[in-house]
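As written, the chain order gives the labels A, B, C and D, with residue 1 at the start of each chain.
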Amino acid sequence: MTVMLGQNQYGKAENRVVRIVRDGATHHIKDLNVSVSLSGDMDEVHHSGSNAHVLPTDTTKNTVFAFAKEHGIDSAEQFGIHLARHFVTSQEPIHRARIRIEEYAWERIAASDPDTEKKHSFVRSGQEVRLTQVSYDGERWEVVSGLKDLTVLNSTDSEFWGYVKDKYTTLPETHDRILATEVSGRWRFNWSDDAREMPDWEESYRETRKHLLQAFAETYSLSLQQTMYQMGTRIIERRDEIDEVRFSLPNKHHFLVDLEPFGLKNDNEVYFAADRPYGLIEATILRDGCEARIPVDLTNL
Amino acid sequence: MTVMLGQNQYGKAENRVVRIVRDGATHHIKDLNVSVSLSGDMDEVHHSGSNAHVLPTDTTKNTVFAFAKEHGIDSAEQFGIHLARHFVTSQEPIHRARIRIEEYAWERIAASDPDTEKKHSFVRSGQEVRLTQVSYDGERWEVVSGLKDLTVLNSTDSEFWGYVKDKYTTLPETHDRILATEVSGRWRFNWSDDAREMPDWEESYRETRKHLLQAFAETYSLSLQQTMYQMGTRIIERRDEIDEVRFSLPNKHHFLVDLEPFGLKNDNEVYFAADRPYGLIEATILRDGCEARIPVDLTNL
Amino acid sequence: MTVMLGQNQYGKAENRVVRIVRDGATHHIKDLNVSVSLSGDMDEVHHSGSNAHVLPTDTTKNTVFAFAKEHGIDSAEQFGIHLARHFVTSQEPIHRARIRIEEYAWERIAASDPDTEKKHSFVRSGQEVRLTQVSYDGERWEVVSGLKDLTVLNSTDSEFWGYVKDKYTTLPETHDRILATEVSGRWRFNWSDDAREMPDWEESYRETRKHLLQAFAETYSLSLQQTMYQMGTRIIERRDEIDEVRFSLPNKHHFLVDLEPFGLKNDNEVYFAADRPYGLIEATILRDGCEARIPVDLTNL
Amino acid sequence: MTVMLGQNQYGKAENRVVRIVRDGATHHIKDLNVSVSLSGDMDEVHHSGSNAHVLPTDTTKNTVFAFAKEHGIDSAEQFGIHLARHFVTSQEPIHRARIRIEEYAWERIAASDPDTEKKHSFVRSGQEVRLTQVSYDGERWEVVSGLKDLTVLNSTDSEFWGYVKDKYTTLPETHDRILATEVSGRWRFNWSDDAREMPDWEESYRETRKHLLQAFAETYSLSLQQTMYQMGTRIIERRDEIDEVRFSLPNKHHFLVDLEPFGLKNDNEVYFAADRPYGLIEATILRDGCEARIPVDLTNL
């Protein structure tokens, strides 16, 4: 036999679960997209099609919805921990579980009169999608959280010059440009052991997001790499629970439009927002002495 | 000859223009996606390929960017009016212009210390996309504004019962359900004449959006049609400048998950958010005595 | 009362139904996305929320799946006719039904040895999505079919010159360019009466698609308008069952890349395929003496 | 200092290059989407914003277009090899280049009379997107090719039973179901050394795709894992140039619709094609003794 089975995993992806908690007339909402991925002693299902070790993906879906009732959803991270622990500890052939969750945020709809605000009415906040991934092998936990689709822009305080010029270089240098990106970021927690106390996942997310935004706004930028490094540094320095950050930042180019053919001067006023191609700037920033574990491509957490 | 040319139009679609205004260190941003569509005396280009009457779509693109400098962008509506007037009055063969604009909103990034807030740093507000369409035939204006992608949800105060049952009906009645939709709405202004004063386009948008949201939140709903009608009525009653509203509201189904097989009771707590199929509820609501002019499908403004 | 209800409609959108027919070991597949839209005597559900005239959208979904069994799916058009007739004739308050269908094509997977080809194995053909819309008011039928997402390209035999130049015109003329578009087209059948024999819907689609492609390939083009008009003319001339055609053709720009800065000559060899903005060219072409009924925007059939 | 820079890379993503070759009146087309990613001695640009080692992403874009002229595009793989070699050997600070390419296929438009076929007229084949990734560190090559978006379906010869049942299991067993998936696959070539002769990249793609499809069609399936393993095995056994295959296969569920409430029997005829959630089945299949190098998530090549 000349063929081998390598790494393999399976599960149900994109279970869209919404959990409502009623506190009298005041409702609370958690809106998640949960993907389960399991691996373990699964050679036989690949070789012969025997499903004797296979918990159906349909069952993993049912478990997501049942756990939303049994455990509630305090945070995406905590919910992922409940699920991962369940699959690894309850099924002998399953040795590792990875739970990925997207979370969509909702805000309350403001009433004309605050006294009559309907505490069950929400409008979805479109800014970013919150992310987490929980992995468990029966002993150790790895939690990587983050966000995507958070679009930010500085309309000044960005330059780009002093770069290498080769025979294919035509780009003019600039000392005042728009810097814009759609942040995709992940951060890895150093919590990995049931014996240690967990971070406050909700507070950690709020604060990390805040530092990320402020570092973007407050960095006078000579390159998107520099801005990105400041965003990661700010998080590592301010959040003890995080050891590693990975960013993937498309440079959303805003080109100054040449208005001279029309007898007009464009004094950093009118820009063309381009789609493709785009620069793509990526890096890991980590606490000194820590191991880099977030994959190079963020999609492969 | 047995073939005739009917209605035809052409132009450049999706010109992505960003306009920055610098008021000292405080910057303001307008972010638009502008589509130009022109029609008029254009038989020849279809029959023989002669472009003698054709202003190139590339020129219409250039005009969008040049006008962002020459006229600025006070509002999407005002910008569309500048463009439409230009094409119809400057080109003899062009008899009608239709300018469609999408606008993306940005908020300032909050600083840790308000005194040091960077007034050139923005985060894109993902909630809804604002829309306008300006049409001009050289005499009369038609302005239809609106929004899309505004997702709202009531976690209670919605029922659905008392409907027709035929041989294909299996749906159980409910007296407490989630009601959620992604609002796509358009509203037509009664301003149509240069001799009349224009509405305040920015204030009109803010207020119309507010009424729409509040009517959604405050209507105890027996059907999505009823909620939609209240949303339109609220706008017509409160905004004198608007004569007609059209909504297209997908019923974003949130199905209560059956947890009984797992020995659990689901007391309006855990829902499955479904993608397809979805109910689709559409209507025009208009001021008594006014003509309905917004097309039945919102895409065909 | 100062507010009126105008045109309104409702139904279940995007019912994804797959129908398999087994002819011994040879299977046949029809893969549709069916959207139902009903209108009629529906004031009360908007005003008071009474559902006494409302057949639930869930029931219309069930009907789609039940009819796939009861009537089979000979063609998307025929299936839409069964559905539209049912809703209008079986429900007194429903006066009009509109059924929209997308159809996805599948091809058989070729075997190494034709004798062992698995006649139940398919690969989805990604070229275009076939479309139809059937409308019925209890007396007359309107059937509009078409396609979208069919991308075509001529790498020569296209010119663009002799156009209007105004102060915003910078585009150079060209006598050899790429002409590419993603065809969105609709054609209206003159069949409207149960007393007349229906067209052969499957043959009509195959032939119309063929004429459309051949006219695109065989027209030496001085403008995309000219090519579009030839595509419509060819269909009207060759297909007696069709009275009207509407196209919406984005001009998918392929810009010749300027390689001179690198000491290279670009002899119509290397192009940049742009996304946005794009020209958008639209027209109706119809049989002499016929009424234009396909809406100006194809989305509003 | 408590913060470190880890792995980082940068470049221009999604350069859309179209190359036409004219062989008399017969034209040939290559349509690629090329993403460049470079890494090396880049600490300074992150720390201080100095761009002294940075070849601008704009230059890498220019290089893609210039190389389409200078080297032509024999195959996506060969084109990626030209680019990767250039960046690593011409720029001292750049130690590693990774070129990712998507390729879109085109077919000729058939004429009514084969003698008059326009050999410059194409229709885009929508079936799959062909992929390749070329990595080079100055010494060794790694080429991973593949495809995505290839949707396949068997309407019988698929069963699913004999699986684990826990307290959350409700799925009934089935002995005849539809098996459908949208293939995302990658395969790694064992060519890694300039001293060895390269594979014929075009023939390799054609044959690998064929084996993959045939294995899908010809496997009587007890689980999607079994089918997937057969697809990988077939490739490893038949293509000596390939050492490793990785698949990510969403189980595109087609649920048999319950028609009993309507008095109808559904004898494997009418299915609901669901969107979310979906099973997701992934594995690596490799030649005995070879190292697994394709990342667990295919997006992270």
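We adopt the following convention: a contact is a pair of C-beta atoms (placed from the backbone, for glycine too) under 8 Å apart; a residue touches a chain by one contact, two chains touch by 3 or more.
Treat the numbers as computed from the prediction; the structure is a model and nothing was measured.
Participant: Write down the chain pair with more C-beta contact pairs when A-C is set against A-D.
Facilitator: A-D
Participant: What is the distance, in whole Å, between the centres of chain A and chain D, each centre taken as the mean of its C-alpha atoms?
Facilitator: 24
Participant: Go ahead and note the Å separation of the Cα centroids belonging to chain A and chain C.
Facilitator: Averaging C-alpha atoms per chain gives centres 38 Å apart.
Participant: Please work out the Cα centroid separation of chain C and chain D, and write it as a whole number of Å.
Facilitator: 30
Participant: Provide the list of chain A residues touching at least two other chains, using ranges where the numbers run on.
Facilitator: Residues 16, 62, 66, 168, 170, 261-262, 275-276 of chain A each touch two or more of the other chains.
Participant: Viewed as a graph of touching chains, is the assembly arranged as a line, ring, star, complete set, or other?
Facilitator: complete
Participant: What residues on chain A touch chain C, complex-wise?
Facilitator: Against chain C, the touching part of chain A is residues 167-168, 170, 261-262, 275-276.
Participant: Which stretch or stretches of chain C touch chain D in the complex?
Facilitator: Counting only chain C, the residues touching chain D are 16-22, 27, 29, 31, 62, 65-66, 68-70, 106, 109-112, 116-118, 120-128, 149-157, 178, 213-214, 216-218, 254, 257, 259, 261-262, 264, 266, 268-275.
Participant: Can you name the residues of chain C that touch chain B in the complex?
Facilitator: Its residues touching chain B are 1-16, 35, 37, 42, 45-59, 61-63, 66, 90-91, 160-166, 168-171, 221-223, 225-226, 228-229, 232-233, 236-237, 244, 246, 250-251, 276-288, 292, 295-297, 299-301.
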